[in-house]
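Two complexes follow with subunit A in common, the first pairing it with subunit B and the second with subunit C.
== the complex of A and B ==
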C-alpha cells in the first residue's frame, strides 16, 4: 500500500516537474495578461493617462448603450453555430472518400488542399469569387440565367456574414475531413459485416455504428469549429474588415478595432472579459458533453 | 581563504569594468527613432535626411522604423505603452488628434514661431490641419486632398462634353454612364474622404464649437436618399461604401467607372494597374464648388522624446528644402514647402507628365477643405457615424432613421468621457 502511495507521489512530482516550464510560460503570457486585462476593464485608461477606477462603467456601456456589441455578439454565435454545417459536409466527404471509389487519394488531396492555404490568401480568393461585377460566382449565376444582375455578396447586410462563413467552412473542411477519415478508419470492418448479415441497411449502419463510434472525432471537430469562430480574425479582416456596418464583425475583430482604431483599450478589455467568459462557458459545456473528463490525467495506473 | 578573497576582488573589478565598458557607452549613445508610414522604398531620400541631420547632430544616431498603414497605430500605441515611443512620427489623417488631446505629442507652436525662415515656406492651410485647440503639433510631410478623376472614354461614350457643376449633376452624369458592368461614380470613404459630397450641399458634421452633431437636417436626409437611390441602381458602385483603397481604385483601373472621387496618390496607383490610363483617357478636376478632404501626412514629435530640439531639427529637414524635395521625388508627392513644390512641378512635367493635372488640383481651393475637424474623438465620431450612413446607403435603413441613429450615437460620443 505504502509502495503504491510512494510511487504515486513520485509520479506526481515528475508530472509537475515536466509541467513547470510550460506552466511558467502559460502564466507569464496568458494568466498574468488575463488578470491585468480584468483589472483594466474596471478602469479608465489610455496609454497617455494614469488609470482611474471606473467601477462598472464599461460593462454598462457595453450592455445598455453599445448597439454594435450586441450585433457582434450575435454574429459570433452565428459563426459558431455554422460549425456543425461544416462538420456534416466534411463527414459526407469523408464517408465518400473512405469507400473503394477510384482515385480516392486524389479526391482526399483536393479536399484537403484548402486547409494549408494561408487564411489571407483564402480571404482574397473568396473576395474575388464574390465580386459583384467580375466575380466567378456571379458570372456563373448570370450565365445560367439564375440572376439578371450581379449580387454584391460582401456588400450586402444579409449575405455578407453567410458569405464569409462559407469561405471559412471551405478552408477548414479539409481538416475536418482528415480527422473524420482517421476516425472512420479505426472502426472495425467486422461491425459492418455483422450488421450487414443481420440485415441492417446502409443508413442504419451509418446511424448505429459509424456515428456513435465517430463521436470523439466529431467532438474534436466541433471544438476546433468553436475555437475558429472566436479566433477567425484574419479572414474577416481581409474580406470585409467587419463591415458593412458591423454585419461581419466578430467579437475578436471588434475588440481589435475598439482598442487599436479607437484607442479605447479599457473598453476593449471589458469586451475581452465578456469574450473570455463566453468562451469559458462553452468550454465547460463542451467538457460536460464529452463526459466531464476531457483532458484529465490518471496517475498511478 | 586569501585566494578566495582575491578571486572575489578580481570578479568584482571585472564586473565593474564590464559595466563601464559595456553599459556606459550605450547610455552615452544618443538615438532618435523615426517612424514612417508605409514608405519602406524611400531609402535614398531617408539616408539624405539622416546625412543632413548628422551634419548638425553628429552625436545622435537615427533609427528608422516603417509600418504599413494597417499596422501603424497598433505599433505606435504599443510602443507608447512600453515607454519606447518613436521620437518622430509620420502620421496620416486624424489619428494624431487622439494623441494630442491626451498629451502624447509635443507642442511645436513655439518652434514654428522661432524658425520663421522655415515656417514662411510652408502653406498655412496645410499647417492649420495639424492644429488642436490653438496649438500646432505637426509640419506637413506630403500633401494630398481629394479630387475628381474622370474616365474620358466613358464621358465621350455617354455624350458628355463638360464636367458636373453640382451634386445633382454628378448623379445625372453618373446615371448616363451606367450600364451593364459600368457604373458612373465611385468615391473613397475612409477618413471622411466622402464628406465633400455633403459639404457641397451645405451639410456640416458638427456645430462650429465641435460639441454637437449638426448633420441631421432635411437637406442631409435628401442627400443620403439620393446617394442611396443611386447606389441601389448601380449608378454609384457599392464598393464606394465598403472598400477602402485597393478595391475602389482597382475598380476605376478596370475602366468600368465613370468618375472616381479620390485623393491624388490614387492616380499613380491605378495608372500602374491600367495601361489604358494616360492624359487622353483620364482627366483630373475639382469636385463642384472646389470641395475636398485633405489626407495629408505630417511629421510629429512624441512628448516622451529625450531630445525635443534635435527631433524638431529632423522634422524641419524632412519637411522643408532639399529633404522635402527628396521626399517629393522619392514618393511622387507634393510637399508642404511652397518653393520645393515649384521644383517638383518641373520634375513631374519632365518625368510623369500624366500626373500633373491631378497634382495641380492639390494646391488649389485650399479654402474649401472639409472633413478635417480638429475633434479629439475623431475616430470615435467616425465609428458612431459611418456604420449608420452605410446602413442607409446600402438600403438597410431609411435615410431619416439612419441619420437620427447616427445623431444619437455621435451625441453620446461627444457627451460621455
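== the complex of A and C ==
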C-alpha cells in the first residue's frame, strides 16, 4: 500500500515536472503580462517615475479626448469587416479547386504560396507595386486609360487603408482557401449525387448542401480574420507606418507607437486593455454563432 | 461528374494564379534588373538580368550577421518547442491530479494573443536582462499551446498496451517518451518543426521591441530598416526581399503536406 502510494506521488511529481517549462513560459509571457497590463492601465507610470494611482484617467482620455483612438478603432473595425470579402473569394477558389479539374494541386499551391512568406517582405513588395511613379498598379491603370497620371495610393488619406487591406487579403486568401478546402472534402459526395438525381441544380446544391455543411470552416475563417485585424502589425508598419495621419493605424500599431515611440506605457496599457476586451468579445461571439465549434475544430481532436 | 466543361474553371483559376504570382515575379524581376526603378514604361520581361544587386546586398548591409541571428533564434525556438511541447504533451496524455485545470489554463492562454502582452512582456524581459539577446527573442515562443495539443493527440493515439508492455519491461517515463512516443509521432514532430520555424523566422514585432543593437538584428528587422534607409529606390532592397522569401518558400514547397496539416491545426493561434 505504502509503495503504491509513494509511486503515485512520484509519478504526479514527474508529470508536473514535465509541464513546468511550458507553464513557466506561459505564466511569464501570457498570464503575468495580462494582469500587469491591467494594473498599469490604472496608473501613472513611466520608466523614470514611480507609479501613482490614476483611477480611470487613461480611459477617460481615450474615450473623450483622443480623436486618434476613435480613428484607429474604426480602422480596426473596417479591417475586420473586409474579412468576408476575402473569405467569399477564397470560397469561390476552393470550390473550383475542389472539382476534378486537371492541375488543381498546382493552382492550390500557387494560391497558398503567399501565406507562409515573411510579411515584412510582402509589405515591401506591395508598397513597391503601389508606388506613384513606377509602381505596376499605376502603370496598368494608366495603360488601360482608367487614370491620367499616377495615384499615390499609400499617401492618400482615402485610399491608403483599402490599399493595405488588398495586400492583406492577397496574403491571407490562400490560408482561407486551405481551411475551406479541408471543409469541402469532408462533405460526402453521395449527398450531391442524390441531390442531382432529385433534380437539384448546381446552384441549389451549393446553397442547400455546401454552404450549410461548410459552416464550421467558414466561421473558423472569420475567427482568423478577426485575429488578423488585431495582430496585423507587420504589414502596416512596413507599408505606411500607420500614416497618413492615422489613416491606416490599427489598434496594434497605435499601441506600439504610443508605448515604444512616445514612451507612454501607461496609456498604451489602457489601449491594450480595450483592444483585448474587444477582441475577446468578438471571438466569443463568433464562437457562439458557429455553435461553439470555431475554436474546437483543432483542439478537440 | 464530368458534365460541365473545364475551360471556364481553368480560365478563372488561371487568372487568380496570375494575380497571386505577379508580386513575386515583379520583385524577382526588379531584383535582377533594377529597371522598374529607373525606366518608364516598365518592361514585363527582364532585360539583361544580372546579379549585381545580390552582391550589393552582401556588401552594403551586414546580411550575413542578420542571417546568423535569424538562424540562431530559429534554431533555439525549434529545439525548445520540440522538447517542451513533447514533455507537456506527454503529461497531458496521462491522467493525473490537476489535469483539467491545466487544460483549462492552456485553453484560456490561447485566447491571449501575444500582441496584447507586449508592454509588460517588454518590461519583464528588461528585468531579466534579456533585451538585445537571442534568448530574449526566443523565450516567449519557446513553447506553443497549439503544438502541445498536436503532441497530445499524437501520443493519445499510441496503443496503451504498447506503453504498458514497455513499463513492465522496466522502461521509465523518459524512456517511454524517447523510445516509444517520439518515434511513433514523426508527423507531430514535423508539424512542430515547421510551425516553430516559420513563426520565429517571420517574427517581427517582438524583435522590433526588444532589439536596439545593430549586431543583434534578425532578417525581418534588417529588411524593414533597410527600407527606411533607401526608401525603395535601389534594386538591392528587392534582392534582399528575394533572399529572405526563399527559405520560407522552399520549406513550404518541400513539406507542403505537413505544412498545411500543421497550419489547419494551428489555425486559431493568436
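By definition in this document, the second predicted complex is superposed on the first by the 266 of 301 C-alpha atoms of A that agree within 3 Å, B and C clash if a C-alpha of one lies under 4 Å from a C-alpha of the other, contacts with A are read in each partner's own complex, and residues count from 1 in each chain.
In this section, a contact is a pair of C-beta atoms (placed from the backbone, for glycine too) under 8 Å apart; a residue touches a chain by one contact, two chains touch by 3 or more.
Note that this is a predicted model, so its numbers are computed, not measured.
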>> Under the stated touch criterion, which partner chain does A:186 make contact with: subunit B (first), subunit C (second), both, or neither?
In response: neither
_Once chain A of both complexes is superposed, is A:116 in touch with subunit B (first), subunit C (second), both, or neither?_
second
Of the two partners subunit B and subunit C, more of subunit A gets touched by chain C
Which partner chains sit in contact with A:201 here, subunit B, subunit C, both or neither? Use first/second/both/neither. neither
**OP:** Please indicate which partner A:134 is in contact with in the superposed arrangement: first for subunit B, second for subunit C, both, or neither.
**Re:** both
Which partner chains sit in contact with A:60 here, subunit B, subunit C, both or neither? Use first/second/both/neither. neither
Per the contact definition in the header, classify A:9: touching subunit B only (first), subunit C only (second), both, or neither. neither
Open item on the list: After the superposition on A, what does A:272 contact: first (subunit B), second (subunit C), both or neither?
Closed with: second
Tell me which partner A:260 touches in the superposition: subunit B (first), subunit C (second), both or neither. both
Subunit A residues contacting subunit B in one complex and subunit C in the other 133-134, 260
Interface with subunit B, subunit A side, in the complex: residues 44, 46-49, 61, 65, 68, 132-134, 149, 152, 154-157, 240-241, 243-246, 257, 260-264
Subunit A residues touching subunit C in their complex are 11-12, 14-16, 18-19, 21-23, 25-26, 28-34, 36-37, 40, 92-93, 96-97, 99-104, 107, 109-129, 131, 133-134, 136, 139, 143, 170, 173-175, 178-179, 182, 202, 220, 223-224, 227, 230-231, 233-234, 237-238, 252, 255-256, 259-260, 265, 268-269, 272, 275-276, 279-280, 283, 294-295, 297-299, 301
Listed in rising order, the residues of subunit C that touch subunit A in the complex are 1-2, 4, 6, 9-10, 12-13, 16-17, 19-24, 26-27, 30, 36-37, 40-42, 80, 83-85, 87-88, 90-92, 94, 96-98, 102, 105-107, 109-124, 139-140, 142-143, 145-146, 148-149, 153, 173, 198, 201-202, 204-205, 208-209, 219-220, 223-224, 227, 232, 237-238, 241, 244-245, 248-249, 251-253, 256, 259-260, 263-268, 270
Counting only contacts in the complex, subunit B reaches subunit A at residues 73-74, 77, 80-81, 98-99, 102-104, 181, 234, 237-239, 241-242, 244, 251, 254, 256, 379-380, 383, 386-388, 390-391, 394, 396, 412, 416-417
